[in-house]
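Input: one structure, supplied below.
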């Protein structure tokens, strides 16, 4: 019997497979497809303090092996989330991670403070890397100092373990990861989407109303694996890897590159039960390869 | 809503760019309602990455039908599938058309433009069963765009066709045909599916005539079941207009709910 | 008759379609497939002063809609290039651009100085963005100051017009582009490849001997279009766009985003005559759309 | 070297994981030499992005043959093609085997492991025409890996087969069979194509026996015609070992040229 469990230190997961923020709704959308308790956990769509409208449509465009989105964090806000959604999630026996957003450092902290009072949240994933809310795709994760300040501020008020989610739109991912760790983040997750654009040549307009959006899906996997590898070798906290994972083989690339757990994003749209399939396939792969504990593979790539 | 990964194509017809498949999928067929749709995996390889939304054109005897037009890579790959091969379907999805009992005995208009006719066949069948008297308006650019005319007539319905170039039926836009017809007849309800401009014009007509109506909207869809927030449009439902998910709260919306000017970016 | 010609100021091109460095060999490899004079021009594989071995194989791995390479600039060096290859190219009636490389600022300048003495070179493309030669994929184009210094140094010695080729592996592409312009670069070309990695999970090893490589192909097109758009709006010199161009439609995305000309890279491997096809398709597209001069489309995207 | 975008498959055979196609392509067939290869576009859609290198298994009467084993996505897509459909071929590429006139009347060994047999059929035909006496060694893991045995025999050649599991012919590695045979026979030349380890062992044998030999090497290829520098291996040619392009300077190299230890990274 293969042991799929993962111990992040601050959190034990049943399996290394989590569903990624923004691609799993509030979790409930996936209940018709399988028992969510099979998951290591899932990350709730990005949550601001107040409800948000998100960006104007069109918000999606498909590209070769990729998807660009400019959702812009449409969401219900903390109050409605805690009143209406969290109670439904509380019955689940899997890690519920909330993706915490903010217009500025204060708002991140306010969201964390508000959520502190509610049961059933396993960790916060600090989303300092969304390319879809500020002008030109800017975000705190593009700068080690801004990263440090934001993480620190949330860390000070938060009574829930903290994961920091990084942006790939940087020159030096390692310096940002180290800043997050230094500020007290207990894990690093990466990558968020890559800033991208597509043009409708017939209309001579950007395909997204927002002009720019974030690229996800198989197209970005090689960039994500590289960054996970770089970060995992530099930090001492666990790393959660993502970017284009569609299969157990993809997940294993990230695990071998140094990810203690992985998140599956865009693939959930194509096959709503893909996380379940990945978990089963990981188990089979491990059995066939004589691997007793999946976490023995973390960072095992030989160089 | 469920996934049928082994839905088998049992019949295929085509007319130029238009295709009709009959696909064995008992569980989806058993739950399907007119106006709902499927998310179809058009290929086992990438790309395309995402499934494609296609309306339920019919559901009977354990099979569903789809009727579609080749619009790009995804629909082209779909069109290449042959009888006997299997498809991966997710559905039925979304909220369909409202068919109230009080329409019994009443005349109702179903207006389809081009591929927009797809869900109206299924709807007309249901309306007939309810005892309503559906009149189908079917518009296209030219007579090649109206391959379903006979199929609709075989349902025993009144079918009025229009072509922009006058090659069949009424010469002009289907909205003009509906407008003329409304001068002499007073249906109890109007249902429509087709190009955005057609539906917007019909909405104006309905408003002027105080005719209740429902429209099936389109949007680019990431998932089809509410997870991605990609498909939103501005909709007035319980108060202020806000971005609602077409895939979950629609694709069918009432006349008063839709904010047409919110076309944004072509 | 559609006018495909492009005037970059320092250089007139017959068509906006160039073949990209490293994907067109020394040009001669493509002679069997079509008349190279149809091209706007082509960029020679990266040239160091001395011959170079390049990196150890495996040097290539295919990824979803992408290709990672770690060639590491294997090449003949300036002497052999000028003696044996350039004379063969001189007979062509199309722009020959040399991709100039260096281990340090001095070497870039030495290559430029050496090549100055030879006829038949239309421009230098300063390759300060190759991810495959320095430790961890670093390059001068990741830093505006290093970019400025390198461009300035070459500009001072060069008697041939200068294009600077930028790296996408940066937080802020615009600042690097401005630095290159400031230092005297007469055009900006972008993007070079995105630093990436793939793992062979059966062997638990990186698929490339070099561990990292550069990602090219359709997968990166949305990132490239975004960067071209950003740079074209910020600089006053012409921009040459590339990254995943496989068709005339792809080329038009770059042109509408602001590229005066485009380069076609990876696609040359798949269809050796793809540049010719793109040129013909561009002509047809322009005719069908009533566009008399392709360069009227440069930067026409409405926002 | 040319591109044939309309090469039609006129015959298809398969044995488990192995496939043989006969493809109409007069111009490529007219230029093809044993040991050369094609770059084949396996699909009109992406992925795979790149063409796949496949040896010329034969060329006669305006058609080429290929023989391949499904190894991944690309070869799987190739295997799905059917008779009548067209393919996009680039070739013939590379430098093939050297067949010198002085081999006339001499015995020569052709050693193929698994799919490595592909180019040796074409080579053996040419050797025979030259008047040499080719002996073909054909090794596989089990007897299912030897589908071409009869085809080779039908050429009128001496064919010796081996299987690792003893299910057909000699029980053991094909290198052991060649080694045993060399104890009693003295061929004038050895040609080989197959797994790296097999060829390296043969090279050692040849060195000990002073037997001149040529080997067809593999490498991951970006273009197949010298443009990408992706396919290099360390080769000693005119002096120091250096990275030569397999696709242009090979894929066939002489015994003394190949640096075997340069396997690098599995």
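Residue numbering begins at 1 within each chain, and the chains themselves are lettered A, B, C and D in the order written.
We adopt the following convention: a contact is a pair of C-beta atoms (placed from the backbone, for glycine too) under 8 Å apart; a residue touches a chain by one contact, two chains touch by 3 or more.
Just so you know, these numbers come straight off a predicted model, no measurement behind them.
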**OP:** State which chains count as neighbours of chain A and simultaneously of chain D.
**Re:** B, C
**OP:** Starting from the mean Cα coordinates of chain B and chain D, work out the distance between those two points in Å.
**Re:** 55
**OP:** Could you give the separation in Å between the centres of chain A and chain C, each centre being the mean of its C-alpha atoms?
**Re:** 34
**OP:** Could you give the separation in Å between the centres of chain A and chain B, each centre being the mean of its C-alpha atoms?
**Re:** 36
Subject >> Multi-partner residues of chain D (at least 2 other chains) >> reply: 46-47
Original post:
Counting only residues that touch at least 2 other chains, which ones in chain C make the list?
Top reply: 64-66, 205-206, 217-218
**OP:** Draw the chains as points, connect those that touch, then say whether the picture is a line, ring, star, complete or other.
**Re:** complete
Subject >> Residues of chain B defined as touching chain C within the complex >> reply: 46-47
**OP:** State the interface residues of chain C toward chain B in the complex, per the touch definition above.
**Re:** 64-65
Original post:
How about chain C: which of its residues touch chain A in the complex?
Top reply: 63-66, 68, 136, 142-143, 169-172, 194-199, 201, 204-206, 211-212, 215, 217-223, 225-226, 229-230, 244, 249, 252-253, 256-257, 300-303
Subject >> chain D contact footprint on chain B (complex, rising order) >> reply: 43, 45-47, 73, 77
Subject >> chain B-facing residues of chain A, complex >> reply: 22-25, 29-30, 32-33, 45, 53-54, 56-62, 64-67, 69, 71, 74, 200, 203, 205-206, 208-209, 217-218, 266, 268-273
